[in-house]
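Okay, so chain A shows up in both of these, paired with chain B first and chain C after.
Take a look at the complex of A and B:
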């Protein structure tokens, strides 16, 4: 017993020793003249702007958050796949269609990989796309109004994870399935997975003017798991690369059974070849059911349309379009360097980083040097496609970005670090710890042809002791590094919202001058707008009562409404008459079973209210709008269901 | 016990004193301006009361100031002797869409009625008030007084173009 005690005391002291070492290490790195120097690098004085926008996926928040770099200040949360009571997104009549799917109304998702639209391989800052992982969807968010404008569901897909990456001219946003499933879905034994399930890789075309999305084709691949993807660029433009795991096609205990093969594959897809095949009538139209939800900025309303078929292509139909590149071991991220030559497979169960050569791949294809096939898809010999390996770089490589100066930066999840290495020589140049367990990293433009390589930030899965404790549940942490010198320098920790997986970042000047400040009243085409107070009215249509209401600092018009009855469904169509930047008005009514409205200048939003009790019920403005904000209120009189009281409404009478 | 009581008393007094701090300061500053420190200081309160009396007599909305041009993009406006009816009609439309939420032509509503405004204000002042309400409230003394008269309700910047504001001004001439 005594011995045990002694041992534990010894153990505890060792542990304490370790912790204090860590602590002192930390404080050494962050004190004195050096620290103030670092502070200057992230300090943005009051009233001044950050140099970059960063858009972080929200993970299980389903949304997208907007940050400034280098300050790490959060500017906004943009609701995408999740209801957002803060402004009524997903609750209002105008926005609920955005969340319609073939499964009905789905008010949540798991958002993962934002990617900014590109022209000639360079970020153009028009739109940002992001995938919903759980109920497969792709969203397009406008970077002029920072609102979700479009969501398209992806049929035949499950766990929409190898998404949503953009080709060099935003020709396509690409969505790959993580889980293979029966295609079409049907009742069958799970154990018959192998050889029967399919993995759908979906190419969604993007209209160059409006950004509207449409599924051009789906490739029905063998039943592997498709983990991540990236487009080729420059010389490899026209190709798309997907990592796979579970090439064993296990259907249970994947933790063990999907890690049997020494190598899995990177699937290289010549999408231009398949596009040509499809343009010539190739592929098969297959019955399907998926939602296409589109928001119209003029009517301020979204509509949801169910699409009933999708074009599918089997790999065997287009010989020479798809190849498999063996890659050790269960590669997670696949990243293509700015020149398009190097394809980095981040084998997450490996210590080495495998880099393939696009030129060697093309040579091997031309020389037909294959190492057998999988379901008819040629496998290129590992040695024939390998450009080099970054040896013993760390444990558990996940993702790589590039600085445009010939260097790659790779995250290592297990060893909690970012490693900088040189393209071509594969030598490790620098490594810096992350706190803790880093997932993705982002360099502004770091997955495009022209990275803006001043900053890099790492998004960490574990926060632990980095901030004041706030109970068992914590926000994740991001860490900003200066990568302008030879060595990376840790500048800043900042908390993030939800779980940021990937993020996209861009110099502010590409976006900031195009950002909308108001919606023009004379462009408002909402069917139930009231763009001046003479257009306000209350109309009964059976049990539905439509209130055409306006707001301006600081009153509602009308603000006294009578003649509503128990059992009615009341629609408050609120138009904000303000035409000045940053003058929203809010609208909330007692007992509403939905949320509030936050109405931007010139916009119309509709709150639905079903009064259940007789009485006189107040509504008010929720957004402090002027010194008279507290006066911005009104009443609705609710009479019994059998009342004969006519509708009436007024303001100031 | 006694010492405790004493302590308590001292403490309470300290609290009271520190609570009163703010008011004292205010008093100080007001007494300062009242105290005949300099000649200027003696004059100021007199001038102040005069203005106050004036304000009581004539509300800012009724006051006539045909010289001040206000603060904003409009430096000079020339009004033709006859009203441009087309422009006025356009102005009426703009007024209806952008201004009637707070202004009625015939009566005080949230803000003042524009009828007869050019008998009290310069055309430049009117247009600057339309185009630059935030700047006017900050820098034009009369605009600031008007904000107080109208209950602190701010004049909204409805983002009119200069041409639209000019047409509204023309419409005001018809009222």
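Take a look at the complex of A and C:
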């Protein structure tokens, strides 16, 4: 018994010894000290600003969200392709034309790849472009007011995925089709896909002053799937690179049938050559039907115009402008390094990264080192264009960005990690896990000649247990890494809104001082504005009743309206008279079959209301504007359809 | 006496700065206004520091029933003050020139200074009266009525000079460039007097 006791005491002492040893080990070397160091790197004290803006695509939200780095705080959701009841975008008379297409009003899309405008290959922070994937469209968003200013539909395209990347002087924003389709669309058997479908690559010119977009030409490529693209830059400026998959041209069970070829292609397009051809009258004007929607900041209104033709170019018309670079295993992203020399093909079914050399490509073209052709487009010999490959870097490479210090950072979806590797030697330098299954990654300016290589963030497709559980459906997650040192350091994990695919990020100082605080009332050219309370009125035009209304803290003018009848269509044209920063007013009326209005200072917005019942119906301000916000309300009297009551309106009587 | 005359001229001319720069400035900061709203008070009228500041101050003041900030034509001061300042500047320059050519006694310099001081005090008195009226002559139907502990209505009079807390607002009222130029100019005329006196005394002792 004594012995047992002794042994137990001894055992316990040993155990205590172990645990205390363990404890001291933790507190000395440990995660505690490290964690607080990391916290300092992402902590932005109250009232201070983040150093970078990050613009994340919304994916299936159809929008664009604005975040701060390094804090990971979300500042704004900019509605682009989707109706946004929060502020009435896509519901108001002024903004519904933005969502017009050749298919009619399309209130949703799937937004993917934002890209910030550039001058001389460097981010200039004037506009950001983003693609709508489902109903092919490209949008331009102003970075002075953070609103969508323009949307152009892309005809002959389907699955607008290899978009919306820009050339280094924002000459073009480029949109490629993921799904090849009959061009022009027609009734035909699906099984006749091969050889008959076309993949349109669309070059949309951007006006250097106003940013207005216009389709300059479409190249009708063979019916592959054009997955992603990137512009050449520096020495390769004038070229554009597109990845392809399904070069098998399968039309069913692509999962298997489009994965048979050992190599697919990166299509290299000499757009300068095609531009010259088109400028000399080349190409064919083809009948088409696509919407061009433009928002005017002065009238605060969008207009939608249908365009009726588009210029198309067949590759065979411009020999020497297009080549195919064999690239293993259904490449997803194609990324061009800051110098413009290296073209990285991320073969998503491969363990290796294939890197092509622009110089070698030009040499091979000059020496005509071709390995046959596809539909007349020369295929360059793989060995003659290959610069090197990053061997066994990970599983399922998708996208690569660059830090401007000679390193590439590639995401691996299947092995769920970011791998840092060296350009030129192709050696792997570091790898860090992501949580989980990363898609794109972004380095501020990573798609330009001059990246700002301090931060990198990974946008993941799977979230699972990263945050408190919220049911089966949840937001996605992103991880922020410090890449200023030799090794990547994970700093922060933060949820993102919608499904961010790509994101574009930029140092804050490039845009923050150009951002508007208010719209000037004296520049408001809305046709139904009221720029002071004496201009407010109610006008009947048949069944349409137009109410010219103003808001200022804390009342509507007018706030009592009579003479409206059942069967009328009432338009509340609300002008916010405030000229003070961050004093919006909202407007909502009972039973409106639409969303609210959120009206910024100096702006006019219109809500449409079709009263169905006799009565006296209230409206009110929906934005807590002031201490007397609750008093900011009014009534509309709705009389029977056969009433003889004249229109009248008043305030304070 | 020549130096004194020149200094007298310079001092008087500095008054003209009031035509270019504000005499006074009042800034109104609040939690909701991290960038404060501000009024620049010129001798010819009141202007906002930023373009829409006056409009926004008036917008806020309507809650407590304050009158709107007066336009130049609504206050006689804004037509009289420029004439007085211009007159005094011309008078000072004439006195300085005459002093320079020794056509006139240095005591005129002091005379000018005293006249300017009296006018300045009158101006400040008038300005303070306006501030009092502006801050306490409130609309009886004001939305928000705040009373002092003794039950009397609270005054929103900004301080004539210095800092004061008015409800949620931090109010700073200080001279601006034009005001400082006026003070420097007046001190220069006093220096001119002192130099003139010293020159004169030297003469008599010799």
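Simple rule for what comes next: the second predicted complex is superposed on the first by the 622 of 653 C-alpha atoms of A that agree within 3 Å, B and C clash if a C-alpha of one lies under 4 Å from a C-alpha of the other, contacts with A are read in each partner's own complex, and residues count from 1 in each chain.
By our rule, contacts are C-beta pairs under 8 Å (C-beta built on N, C-alpha and C of every residue); 3 or more make two chains touch, one makes a residue touch a chain.
Please read these numbers as outputs of a predicted model, since none were measured by experiment.
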Does chain B (first) or chain C (second) touch A:170, or do both, or does neither? neither
Check the residue A:524 against both partner chains and state whether it touches chain B (first), chain C (second), both, or neither. neither
Figure out whether A:628 sits in contact with chain B (first) or chain C (second), or with both, or with neither. both
When the two structures are overlaid on chain A, which partner does A:534 contact: first (chain B), second (chain C), both, or neither? first
May I ask you to decide whether A:652 touches chain B, chain C, both, or neither, giving the answer as first, second, both or neither? first
If you count the residues of chain A that each partner touches, which comes out higher, chain B or chain C? B
Quick check for you: in the superposed arrangement, does A:553 touch first (chain B), second (chain C), both or neither? both
I'd like to know which partner A:579 touches here: chain B for first, chain C for second, both or neither. both
In the superposed view, which residues of chain A touch chain B and also chain C? 518, 552-553, 578-580, 627-628
So in the complex, the part of chain C that touches chain A is made up of which residues? 35, 51-52, 55-56, 59, 63, 143-144
So, in the complex, the side of chain B touching chain A is made of residues 96-98, 100-102, 109-110, 151-154, 156-159
Chain A - residues contacting chain C, complex: 518, 552-553, 578-581, 627-628
The answer for chain A against chain B in the complex is residues 518, 521-522, 531-534, 550, 552-555, 557, 577-580, 583, 626-628, 652
